[in-house]
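Next come two complexes, and both contain subunit A; in the first it sits with subunit B, in the second with subunit C.
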Partner chain A sequence: MNPFFKKFSEKFIEGLLMISGTVTSLTVVLIVFFLFKEGISVFNKKAVEEGYVIAVNKSNKVNSISPEDIKNIFDQKITSWKDLGGKDSIILFRLEDISTYFTDEQIGENFERLPACISRVVDSIPQIFAFFPEKYMDKNFKGKEIEAGKISFNTFFGGKEWFPTAQPAAQLGAKPLILGTLWVSLGAILLALPLGLAAAIYMSEIAKDKVRRVMKPLIELLAGIPSVVYGFFGLVVIVPAIQKLFNLPVGETGLAGSIILGIMALPTIITISEDAMRNTPRSMKEASLALGASKWQTICRVVIPHSISGITAAAILGIGRAIGETMAVLMVTGNAAVIPHSILEPMRTIPATIAAELGEAPNGGVHYKALFALGCILFVMTLVINLTVEFITGSKKYKKH
Partner chain B sequence: MLKLESKQVNFYYGSSPALKDINLEMESNTVTALIGPSGCGKSTYLRLFNRMNDLIDNTKLTGEVLIDGIDIYKKGINVDTLRKMTGMVFQKPNPFPKSIFENVAYGLRVNGITDKQFIEERVETTIKQVVLWDEVKDKLKKSAFELSGGQQQRLCIARALAIQPSVILMDEPTSALDPISTSKVEELIHELKSKYTIVIVTHNMQQAARVSDHTAFFYLGELVEVGTTKKIFTNPTQEKTQNYITGRFG
Partner chain C sequence: MKTMKTKSIVIALSLYAGVTVAQKLKGSDTVLPLAQKEAESYMKANKSAKITVTGGGSGVGISALLDGTTDIAMSSRKIKMTEKIKLSDAGKSTKETIIAQDALAVVVNPANKVTQLTREQLEDIFTGKVKNWKEVGGDDLTIVVYSRESSSGTYEFFKEHVMKNKNYASSVLSMPATGSIIQSIGQTKGAIGYVGFAYVEKEVRALKVSFDKGKNFVAPSMVTAKGKSYPIIRPLYYYYLSSVEKNVKPFVDYCISAEGQKIVEQVGYIPLSK
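This part shows the complex of A and B:
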């Protein structure tokens, strides 16, 4: 070949490789940037529905009310200003309540005098808590507009309630979802790890080569089944079984999710830890047997210690798979956004929440941003897991040399 | 006294024969070297004596393999007990991913010994036996991987000696070592001879000549010639042996 052409084509391929490498890294960075930009901006938002205002009488000492308290006032769980640092009981005023104070005529046919009427109501009743659309705000409003508190870090991570469509203030407590995710994933790994390890030990140390040649592709096939199919299986087989077995009102529980996720994590755990075990030098196993150790002693004392970092990596990657899984979990866990007390309760995980709610959350609204913030939490969780794997496998390399 | 013996031994991997009609006797407290070109069946033969070939699927053995006059392949033989009687040293140093101390203690522990003081004493005497004590006495708790290749191999010999076998099988124990480490291991073989029966596979003719009392020459699965090392190296009866030891093939 022409040496010039050869050199040129080498440079060209090099350039292509560099470009594709750069593009991939940039995409990753972009995705992360976008996710966090959207997610973090939830903390700039007010939980109160857009276009609405909350107002109180000028004499009221309360200046700001948190989203949770706003909801509690509406639900009449808080009925007195004393709970918020004021005095007397609260009189709730919604737009439709205007008819109890003014006649249709006073308001006007086209609501042209409505702003003035609202202003008068708020001015005349000291205990009032008024909630109405911003467009009916009078130009010289005589009440005091309340600063609806921004969504804070604390309420987001510590809030016990996830009810993003609640009126008038969205309840964005991610705690039940974080806990749900952790419970379901933990359950999954507790089921999958012993089972997966047993299978890996069987395949790498005990099974005849023929058996292994059949089993391994089958297990790898398990990894290729779409998660909806797992979900169906769970819904049809596992959910009713759990309901019967534990005599529950519903079978859609965290446990059902854990079982399905456990099954889904099995191929990862089995193949990776089996590979690690098969990497144990044959001579090392033979040395153990030659010293009179039994097969089991050899497995426990030589094979497992030798492949421990691979096994750990397998477990952690399995958890990673479980944490991020969406569809199957959505189908079998019951999706109740409450703080779970036992694995036999319905639970809702972060990915399931995002998948189920993103379609109905208005673009750019609080709910929408809150879902992105959930995405950030998920991202951080998986990142921590991946870094742990990196650390473990990295430290192993260090030890070997 | 006759220690190791094989009578009319044939061994097959699947259907292909690896050993053909091997008749060989080895006396107690002697060193026998197995030599021959690659693939001639030396390792296969060596591994018959601690039944390591049992681990390989699809193999077949006919004939008798005897230790102390007992057929070790007959029914009712406890393989784990048999393997305790025969220590093995492999081609490459293969310490366990454990501390230096635990490597030597391993054989004792898997055989159910828990007496801490006993284990400590045995580990120390065996490491001294392989002349490694001064080099490792301060770092017994450190990983065995931190030792040099030669030190690791001596550790592996210590590991095999710790359970006090009567036979030591060595499969090219110095092929991964530098000359100094090699001569240390050879010295060790000399010393061990007084207590153990040693069979060593080697590709190094000088080594065979230096360390062994008897030499057996294998070729294509057959035992071509066996005799005192002196005779094999100075006056072999077979032409093939002559050609091999003078380096004309192999």
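This part shows the complex of A and C:
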């Protein structure tokens, strides 16, 4: 072949490889950038629903109410202004209530006199707490608009309640979700790690080659089952079993999620740690046996220490799988956004929340951005895990040479 | 002769219109099965029409309307003020058509002794004030409340209509789909939840409800829902831009025609009363 042409085609292939590499990394960077851009913009958004105002009578001393108190007022858990530093009981006013104060005629056919009517209601009742669309606010509105503050870093990470669709003020406390994710993943890894390690030791050291040749593909097959199938299996089999076993009022618990995720993480843990164990040099094992150590002593003292970095990596990748898993968890953990006290309670995880809520969140609204912020938290969690893997496997290699 | 000519022109025009009008529907998963059936039979009647229906959720449908990626948004809730403002900011105005109604049944485990509840009792149960079945006339058993996800139109409607806009207790279990609510209630003794009337199966039992403080308790059925004596019914909507009204109107009209309403009943929703 023409040497010039050969050189050219080599260059061409190199270029092609370079382009695909760059495009892939660029895509990753762009996705991360997009995620954080959307997620971070949740902060400094107003807590009160966009396009609405809340207002009180001019004589009311209260100037600002926290989103949490607004929710409690609308749930009628706070019924008096005294709790908020004012006086007298609260009279709630929603747009629909206008008909109890004014007739349709007074409001006008096309609601043209509605702003004036609202203004008069708010002005005439000292205890009022009104919530209505901004476009019906009169130009010379006689009430006092209330500041509800913005969504801050603290309320987002420290808030205990997740009611993203609550009106008029969404409650965006991610704490129950973060804790739920951690509990379920931790439970999963506590179940999967001993079982996975035992299976890996059996397969790499004890099992006969014939057995191993059947078992390995079987376990790998476990990774190929769609997560919805796992979820369905969990809902129909594991959830009632847990309910009966622990005599609980409800079987959809963190434990059910942990068990399902544990099963799902098993193939990762088994294959990676088995590979690591099989990489133990034959000479080392034989040396140990030659010195009179039993087979079990060899496994404990030689094989496991030698492959510890691989085992750690397997465990951490298993956790990574558990943290990010969505569908199976969504189906079995009950998804109640409460701060969990034990693993036998319903929990709500971050991936399940995003999957369940993104479909209906109004595009660009507070809820939508909050879900992206949750995505950022999840991203950081998995990033930390991956960096730990890098660090552990990397440092081990460094020590060896 | 003249009539022949006009007739053929009309036919040609309608054919032409039929060929060009490929319609997309997107939105609520509750409306999805109904819209699919409607579209199927509409396409059977009008060979040239092409309608594709996809789900995703009411919010997805309405934001698709905003992006212009759908012609009709299906929704199981009324359009929100924020969405309306967004649309009007983009210079678009929407038209709303109610195409059917859906009755919600409050369901419990068949082993539960309670057969009827008032609206006030339901509110207390779903807001977490009442926590044990013995407080509402049942056994000494913890109440386990199942609800749909907050993204579901059903969730919003139940909150507005039954709970008078109060928020659900945070301990409420939210399930991703109606099917899993039924599965869970069927296997949990103290469970209560709500599902679309069409989904009530023998694994669960529907309660009679009273919206007049316990004077009349009504069981959900096609008859009581049609006669409006059953109180928990909600409208299902189509939203479309006024600018494309001409294109989508034939299909929308078909859905609310007598023929379309027959399909509504077949799918298990409540036809519009005339």
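Assume the second predicted complex is superposed on the first by the 364 of 401 C-alpha atoms of A that agree within 3 Å, B and C clash if a C-alpha of one lies under 4 Å from a C-alpha of the other, contacts with A are read in each partner's own complex, and residues count from 1 in each chain.
Here is the rule we go by: contacts are C-beta pairs under 8 Å (C-beta built on N, C-alpha and C of every residue); 3 or more make two chains touch, one makes a residue touch a chain.
The shown structure was predicted, so the numbers you read here are calculated from the model rather than taken from an experiment.
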| item | value |
| --- | --- |
| First (subunit B), second (subunit C), both or neither touched by A:A336 | second |
| Partner chain(s) touched by A:Q167 [first = subunit B, second = subunit C, both, neither] | second |
| Which of subunit B and subunit C A:A293 touches, first, second, both or neither | first |
| Which superposed partner A:I125 touches (first subunit B, second subunit C, both, neither) | neither |
| First, second, both or neither for A:Q76, with subunit B first and subunit C second | second |
| Contact breadth on subunit A, by residue count: subunit C or subunit B | C |
| Footprint overlap on subunit A, comparing subunit B with subunit C | none |
| Interfacial residue positions of subunit A with respect to subunit C in the complex | 49-52, 71, 74-76, 94, 133, 135, 161-167, 176, 235-236, 239-240, 243, 249-252, 330-331, 334-338, 346, 348, 355-365 |
| Subunit A partner contacts - residues on subunit B that touch it in the complex | 50, 52, 55, 57, 80-81, 83-84, 86-88, 90-92, 94, 96-98, 106-107, 109-111, 143, 145, 156, 159-160, 163 |
| Subunit A to subunit B touching residues, read off their complex | 208-209, 281, 283-284, 286-294, 297, 301-302, 305-306, 399-400 |
| Partner subunit A, residues of subunit C touching it in the complex | 56-60, 62-63, 66, 80-83, 85-86, 127, 141-142, 144, 149-153, 155-156, 165-168, 170-176, 180, 183-184, 187-191 |
